[in-house]
Amino acid sequence: MTVDNLMNWFAELGDFPELAFILAVLICAVPVFLFIAIYALVAIYGELKISSFMQDKVGPMGQGVGLHAGKWGLLQPVADALKLILKEDIIPASADKKLFILAPFIVFIGAFIAFAALPFNQNLIIADMNIGIFYILAVSSLGVIGLIMAGWSSNNKWSLYGAMRSAAQIVSYEIPAALSIIAVIMLTGTLSMQGIIQHQSGFVWGILPNWIIFQNPFTFAAFFIFFVSGVAECNRTPFDIPEAESELVAGAFTEYSGMRYAFFFLSEYANMFIVSGIAVTAFLGGWQSPIPGILNSPGWGLWWFMSKAMFLIFVMIWFRWTFPRLRVDQLMNVCWKGFTPIAMVNIFGVGIWHLMLG
Amino acid sequence: MGVLEHKFQDNVVVASMDKLIGWARSTSPWFFQFGLACCAIEMMATAASRHDLMRIGMIPRSSPRQADVMIVAGTVTMKMGLRVKKLYEQMADPKYVISMGSCATSGGPYWQHGYHVLKGVDIVVPVDVYVPGCPPRPEALIEGLLKLQEKIQAERPLTRKSV
Amino acid sequence: MTPTEIKETLDREFPGSVIDNEELAESQIELKPDQWLEIATYLKNDPGLNFDQLECVTGIDTGEDGPLQSRYNFHSMEHRHKIEVVISLDRNNPKVASIEQVWRVGDWFERETYDMFGIIYEGHRDLRRILCPEDWEGWPLRKDYEAQETYHGIVVPKIKEEEWE
Amino acid sequence: MGVVQGDQMVLNIGPQHPSTHGVLRLKVWTDGEIVSEIKPYIGYLHRCFEKHSENVTYEQVIPFTDRCDYIASMNNNFGYVVTMEELMEIKVPERVEYIRVIMAELNRIASHLLALGVYGLDVGAFTPFLYMFRDRERILDIFELTCGARLLYNYMWVGGVSHDLPKDFERICIGFLDYFEPKIKEYNDLLTHNKIFLERTADVGVLPPDVAINFGVSGPNLRGSGVNWDVRKDEPYSIYDRFEFEIPLGEGEFGTVGDSFDRYWVRMCEMKESIKIIRQAIKDLPDGDVFQTIPKKIRPPKGSIYRRTESPRGDLGYYIISDGSPIPYRVKMRSPAFTALSSLGEIAQGWMLSDVIAILGSLDIVLGEIDR
């Protein structure tokens, strides 16, 4: 919406189409970048604190020397980010310089441009394309290229291992994710994100909100398949094999330090938000309120979308600190012998269920 | 940071920038897991739940590139001394070294008959803070880390060195 | 079986290989180094003895002019009996057959004794130093060992000689 | 379908690696993910223990035995002290025997806690490591109460112990045992019955019994392969024959006998057995003077002795040769982790890279003891 409104508004001002387009894109891109930055700080702080509470620890409390990290360690992520920016920028001599420099930005771009189609509330969406969800799934696989470039260019055996594993993992987990989204689109009939959400208003089976997750058991299973393969796409435990700390030192990021490492860190959290965003939009009714009818204004819509997304991110963090790590071949078995067949069965199930119950 | 290091005249703007940089670096010193011997077990106990290192912002990193502080915890032998030097050189600036335990500081109980023991890690690597003890208690290690944080904050990376 | 019975069976099987030596304790047998591999395989495969566990290989330097000794402790899981074999080798050319093929644990034990004393185990597939670096000079645990001056440029300090009391 | 034989990649799981339990270098020849050959390189922590013990008196060797296996220092002292007392024919009073058994078993629990926690870390589960460390800290408090040190105690001297038990030691120890027993159930729920953990450990790194004996493997690694061998039962030393406790063996519930899960499970059950021993030992703990049989001047008779004791990692043997002077002529320490690591080259062949880390973790090695 906002891009179209901006374009019309500029059109009234004067006749400068190219400049208008650039201005519109800029005006939309900067707040998204700020949102990602602030959200990433909050998510990193959340991860530190939640993981510490789960482990009987206190987490960053800012008890160091001087001002340190604020009251409850609130400034810890800020300090981390600032320190990472100020660190020496090492490019290994034997590394493939251009690819090495480019890799983190491609991984970040993969995550950044997917924000264009995320519906934050009724009208707060950058570009409500009619192929919204298809666009996000296509774009978020750009990150794989960045990871492979990172792994290959740093000319280090560990990062090569990490890159190969992450390539195999992300590419293969896109199949079940896409199949479970097909199950959703069969019900909503439209690919546009706002359209999917509008379809999910009203009641189903009496008291339940008409979210797709409650519409029939097959979409219920499709939600879990989508969410878990989304976790695998962000390389989070139990699928965090590419940056498996105990095996591959630091996986594809072994040779990165300072600012570039911060970008990888940032894009991991951005990816997590995208996966949660899609899961919320496709299955949990986006900005629809749990009790249809009341609290439906755009302001509340933003609140519902963000709280659902944040809850899913909390679940991802929760996964990370409880589950051990799968081995690479077990991971592939789970994907190809487990999720993909079930996702296909879901598609047929949704169709038959839809036909029978109408 | 290399280009801007020590290039500016000392005035209020540069001083406050120094304080900000010092604050950032001292608040989140990520330490490099470099456990060699008994002190490594005490370092793990310090990073565990009771004496939590994350309280003072220290997160364990396993790759030298992403770590700021290298805690040499345990006896450095001749065979290992060369590796310590190589790993130190791989760390990104600004990097600091804490020599934890009397073995790393001066060879500890092995100083007299240890033909294979390096008498002190400062032979191969510049050390910032020495933590005495064999093994030092977790509180002693945390006190050493706080000393290091004070030292980082006192650094003035931007102002020109008074020649 | 008690150690004395084991001594008799070995004397019967391999005449002339057992040397009787008074200072040794009752459970220790001294053997000549030349037939050692056959005796070792016999100790392991003979159903009556069945020493399937090689507990420990210890190198001993018996003084300035005395021989270097390589002592093996054997134990049988099945019969629960133990024996210790002592083999003396002369100081300047300590050579003995390696039992690494018979007990796989002997591989590392012998490499360690070689590293510390310089006892060469013939037939050992991979006889390298295991504890000290490959390019370390001298055999550290010999009584007359002098630590080398520097190692890769790092000064190795002298060990003080004055009496410890 | 022919096997595609790519060229081998040599990988150094180098002296500095998050999961090599210290300074161990594994040279690994891998073909893709499958490991075709492993060569462990050790000696990065060789601190010349045997050279030291030829230059310091018998009492001064005890702190060095502490630092060999720094996770189970009490058991190291115990091994050295039992061997010395057998050499010098010293009969220690009953109270000392009971105190030593209590301390050794407490230290066994602490060592197993660290071993299981770090094993969870190697397989990727971070939280159990911290829970187990939290409980290990309580045991360290008890040690701190008795002998003032957290990790390296120098507590057991030849002929006695350095400090008598504090005033209400029994109450504190029983309190810890009551607190700790339900915690084992918590670890089992969190890690042992976790499907992913089973997937990663069952059937991985199988150590058949005969290969284990041939490699001189001992302790929980050997019992994991189903061989019923425990020095406390088969060559009883000190007063272990007075306590009843079973020897847990690997049965291969979730895979074949002798896989990594069995070694993990044997250690978990051994903690329960140690609790039983401590309870019995505390129940009939006699009183008496602890320092009476500590000899002023240790001058053992000329002779040599080799004695084994059960440390948490296996048969810890001391070969002591004395020539009548107050300085030992030769002390050789046979370390159980040394032989366990020598079998890694055999077990971990053909497994994948992440399994090698899991198998190494299940062997529970300590580099201080391997390199001495």
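Per-chain residue numbering starts at 1, and chain names A, B, C and D are given in the order in which the chains are listed.
We take it that a residue touches a chain if its C-beta (ideal position, glycine included) is under 8 Å from a C-beta of that chain, and two chains touch if they have at least 3 such contacts.
All values reported here derive from a predicted model rather than from experimental measurement.
Peer 1: Going by the touch criterion at the top, tell me which pair is linked by more C-beta contacts: B-D or A-D.
Peer 2: B-D
Peer 1: Relative to subunit B, which chain has the most distant C-alpha mean position?
Peer 2: C
Peer 1: Could you please state the distance in Å, as a whole number, between where the Cα atoms of subunit B are centred and where those of subunit D are centred?
Peer 2: Computed from C-alpha means, the inter-chain centre distance equals 31 Å.
Peer 1: Taking each chain's centre as the mean position of its Cα atoms, how many Å separate subunit B from subunit C?
Peer 2: Result: the chain centres lie 44 Å from each other.
Peer 1: Using mean CA coordinates as chain centres, what's the subunit A-subunit C distance in Å?
Peer 2: Chain centroid spacing, subunit A to subunit C, equals 63 Å.
Peer 1: In subunit B, which residues are in touch with two or more of the other chains?
Peer 2: In subunit B, the residues touching two or more other chains are 49, 62, 79, 112-113, 115-116.
Peer 1: Can you list the residues of subunit A that touch 2 or more other chains?
Peer 2: 55-57, 245, 249
Peer 1: Which subunit D residues sit where two or more other chains touch them?
Peer 2: 17-18, 43, 46, 48, 51, 54-56, 130-131, 134, 371
Peer 1: Strictly by the criterion at the top, what is the full list of touching chain pairs?
Peer 2: Every pair of chains in contact is listed here: A-B, A-D, B-C, B-D, C-D.
Peer 1: In the complex, go through subunit B and note every residue touching subunit C.
Peer 2: Contact set of subunit B toward subunit C: 78-79, 81-82, 111-113, 115-116, 118-119, 123-124.
Peer 1: Residues of subunit B touching subunit A in their complex?
Peer 2: Going through subunit B, the ones touching subunit A are 1-2, 20-21, 23-28, 49, 52, 54-57, 59, 61-63, 65-66, 68, 92-94, 146, 149-150, 153.
Peer 1: List the residues on subunit A that touch subunit D in their complex, please.
Peer 2: Residue list for subunit A touching subunit D: 51, 54-57, 157, 161, 237-238, 240-241, 244-247, 249, 320-330.
Peer 1: How about subunit D: which of its residues touch subunit C in the complex?
Peer 2: Residue positions touching the partner: 42-43, 46, 48, 50-51, 54-57, 210-211, 213-216, 227, 229, 234, 303-304, 306, 308, 315, 317, 319, 321, 327, 330, 332, 334, 338-339, 342-343, 346, 371-372.
Peer 1: Can you check the complex and tell me which residues of subunit C touch subunit D?
Peer 2: 25, 52-56, 58, 60-61, 71, 73, 77, 80, 84, 103-105, 107-108, 112, 116, 129-133, 140-141, 159, 164
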